[in-house]
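Following this line, the structures themselves.
Same chain, two partners: subunit A is paired with subunit B first, then with subunit C.
Presenting the complex of A and B:
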């Protein structure tokens, strides 16, 4: 294979320079979480003290100890939130994506157009409306309510992606399964779902990550401490204007990032599928 | 199982993909649906399979109307152009899939799969592989095995050979035909390849624009084409077809070919040809060549020679038209040589200006 340019150290140096700010920030985050005090990038003294939040509840002078749940409650909530979103999104997107890709029904085209419009719709403008709906349904201040909101916002993108994956499967395979003795529904889960597995994996990872990193919706719609997620907790640590314990903030931040880093390491090839695997309209 | 199509139509919007088709396929017959792409042959097959619902008309299997039955309840086996194997299952599971859906006991499935694999000459060791690890020919055999494993009464083949290379196609052609005769299963094959159709089919239904142009044995289609379309479609190299006119001069009747040269035929012929304007068709192998001039022979010039190995295809310029002739390899001519041609009246086909055959 020919190598088109891009030889020697120059591109690598360029890339390093571009990435430098990011590397520095993450470096600072990691170092700071194990340091007693930081001055710029220079730590003064090492400690594990910042990580004591894993064992005990950090207390603030304005709270009594009983009011703050410990970190595991937040972690648990975040996991429920992320997994909840993922499961609902996958279920709806695989069914809807299949329907839009394969079935001929009235309004199919307009539905397709609608999903694109919804996808480009800034969700922030819906905040007040969502608030009213959640209140009406009695789902305000509950994790499940926010999960529903997040899923619905995730759907246009997910449906579009899954439709692309279903599109890339030849009709012949589906017809063969119908002739072989499957009903349409059986074809969907016995033949089609296994074939779009890369898409399902990619969308799962993607959705999980977006749920894990979500801040705005949990922050606004769940005021109650016991149902909050890690991102909201992290923010509450920096809320105090007089004293912010940066050691603690960085430690929690790093802790918050660990699952994401792991997921990226193990699932990046699935994530790439979203961009390479049959997203043809 | 006998299949009867009665006024079968399938419309996609304004397009009539299949247009009032009437066709009976006899028990145990190998019928080929032949036609250019877009002629409605695959649509017809999918209608029979139940994958499409007819817009009008009925389909009978035996004496029963099956219009309302879904594909799985029709007792058919089908092989697709792309083979349509399930990539996520190994070969064994692919073949076993129809039986698994019928909830047959495991040992029965095991036995049936191995038997059918042997029948289509699929190596035992391939059963554990994934379809992606097989060659085209092997995939084809798997697809056949999967179609046959549940013992269907009708076998539908949708261009099963078009993805194979030329050599393998020849082998599978004979093999599928042999298999069909052995099983005696009513079979419908869809193809655009006339050689495939001629070699495999008991009868051929040649389709064009959603209608059957001609239904008959390969021999009938080749030797008695019912209209210009059949005449031009069947045969390779295709029939020479000329726009012609009947005329008469002091020597008697003649046919003026493409306003270019005259061909004289016996007088009796012209009593049967009523119309002045017609089409004359003659197959390349029936254009006879002579190296010497003589009476009634038409002078021409070799335009180009195309050696085909066993024989040579000559492109001959006569007047301002080109016509094709197949001659034995032993006839040594080259471009620019002067030759004389003759049309054998017994092998000439005449069509009226609407393209319908004129019976002589």
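Presenting the complex of A and C:
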């Protein structure tokens, strides 16, 4: 679109003013992680000491005492958590999305209606019920249990997105494959999945990011220290206001954000489209 | 290939359609276990006195007592007021207001500058909530440390912890800076779809910027505005993560406690150590019902029939 532009500098000035808090917030984060002490945005001397946690010897949760997990345990847990969510979500959404888009079965309409209803349903209101379900299944305090919860809550959105991608593929491709004697399963795997790769990519990046930043579900459902994720660890660092080491907190925070920033830069094209379907805040 | 379930023409015994089973079972199983059963449990538990001390087996059915307690509690009205204040102020000022402002102005400066502004505003949304909350608690900290007090001190604002002195202003700002990007993206794409001729024509006729916004742009994107408003209302009603991470409902008694946070505190984390699953469930029931109502409205708005075209191949 050609920019026809409003006249005068007022729009630019207004935009700068409302963007200023964001720049200050993140500017502070970066400066503080390398500073010995901060007053406002003014650092008093530079140091790499805040990043000392990176020098801790890597151990994994099965080698760790309950009392002393380190940053690598949390990082590893967070990786398992977000990759786990991503893999399950992609598998279940590509199968169910395909079925709703392409297969004719009884109850298809109701299933689609259900997907749309659940898509906008605020699943956070179900915390108490989910808590009891997890206790009952013996999955409380287990990373795997919370992964399943998060996948389920993500499903309606993901199925909906994948259905859209399958819908956009021509029926001729599928007809040809079926006439050639491929089964539905083989057609899905060999023909359709490669064709919806952009959709799979977008959904993966989105799911990975939301899993990586997740706080509430790991916080509530995994009290054990050795299975905690980075977000819960970071929360525990800031919990006691009197003894917060803000140098350390900001360094860990920035470390925690690195994958997000990288993915955001390299996959922004996919994300911008999919965020409009998200349900956060 | 023509195997339709329930097709009476075929005399062979019905077989389980393994294809269909493979494609749908995982999704349906998870949806039942983590959506349907929790909804059902929430309703059931709201009629019991289940809590940490009764455990999952020793509870009693107490009928509507939890609901009566909600009606009688001196805090209910306060929390209801808080919730309305939180939802409608954040929604109008940020999720719709600032979103509109950003969308309109970022599409009318140079393409790259516009993209930069929108990218910047997406940052709070993709930042992990814990990091984002920490940024604000520092931003609003007292004098030698807080960034904001440093900026405001020339204007005679004395050293205070701003988050605890003006909790509502900051709760709304903290949520608003995350919430604005959703509407911003939707409005931006809607505005980009307005044919430029309309705006040029208005400019040729001598319309001012404000007139163009009010008479041309806003009427043409009223449908997206309606969508964002309803969608974000529900989303704000049920979200409490950022409040939990910053003021946790305080300072003092329930100053910034909203309904969803109140339900969470009662059911899963309270100061007295004995969490009341039953009472918390009763509080959640209100939100669950609201959620179902809103979701059904969306289903109607989405124009369901247009979405579901018949598959051209039988299973």
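As a convention for this text, the second predicted complex is superposed on the first by the 242 of 281 C-alpha atoms of A that agree within 3 Å, B and C clash if a C-alpha of one lies under 4 Å from a C-alpha of the other, contacts with A are read in each partner's own complex, and residues count from 1 in each chain.
Basically, a contact is a pair of C-beta atoms (placed from the backbone, for glycine too) under 8 Å apart; a residue touches a chain by one contact, two chains touch by 3 or more.
Since the structure is predicted, the reported quantities are computational estimates derived from the model, not experimental observations.
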- request: Kindly say whether there is room for both subunit B and subunit C on subunit A in the superposition, answering fit or clash.
  value: fit
Query: Which partner does A:116 reach: the first (subunit B), the second (subunit C), both, or neither?
result: second
Query: Is A:24 in contact with subunit B, with subunit C, with both, or with neither (first, second, both, neither)?
result: second
Greater residue coverage of subunit A in the superposed arrangement, subunit B or subunit C: C
Statement: In degrees, rounded to a multiple of 10, the angle subunit B-subunit A-subunit C between CA centres equals 90
Query: For A:191, is the partner it touches subunit B (first), subunit C (second), both, or none of the two (neither)?
result: first
- request: Figure out whether A:249 sits in contact with subunit B (first) or subunit C (second), or with both, or with neither.
  value: second
Task: Go through the superposed model and pick first if A:183 touches only subunit B, second if only subunit C, both, or neither.
output: both
Message: For A:173 in the superposed arrangement: first (subunit B), second (subunit C), both or neither?
response: first
Field: subunit B versus subunit C - smallest C-alpha distance in the overlay, whole Å
entry: 5
Message: Let me check the overlay on chain A: which residues of subunit A are in contact with subunit B and also with subunit C?
response: 175, 178, 183
- request: Over in the complex, which subunit A residues touch subunit C? Could you list them?
  value: 1-8, 11-12, 14-15, 18-19, 21-26, 28-29, 32, 38-42, 91-93, 95-96, 98-99, 101-106, 108-109, 111-114, 116-133, 135-137, 148-149, 151-153, 155-156, 159, 171, 174-175, 178, 183-185, 188, 209, 212-216, 220, 230-232, 234-235, 238, 246, 249-250, 253, 256-257, 260, 264, 268, 271-272, 275-276, 278-281
Statement: subunit C residues touching subunit A in their complex are 1, 4-6, 17, 19-20, 22-24, 26-28, 30-31, 33-35, 37-42, 45, 56, 98, 101-102, 105-111, 113, 117, 119-131, 134-139, 144-147, 149-151, 173, 175, 177-179, 181-182, 185-186, 189, 192, 196, 199-200, 203, 209, 212, 231, 234-242, 244-245, 260, 263-264, 267-269, 277, 280-281, 284, 287-288, 291-292, 294-296, 298-299, 302, 304, 307-308, 310-315
Query: Can you name the residues of subunit A that touch subunit B in the complex?
result: 170, 172-173, 175-183, 186, 191, 194-195, 197
- line: So, in the complex, the side of subunit B touching subunit A is made of residues 46, 49, 51, 70-72, 76-78, 80-88, 97-98, 101-102, 146-147, 150
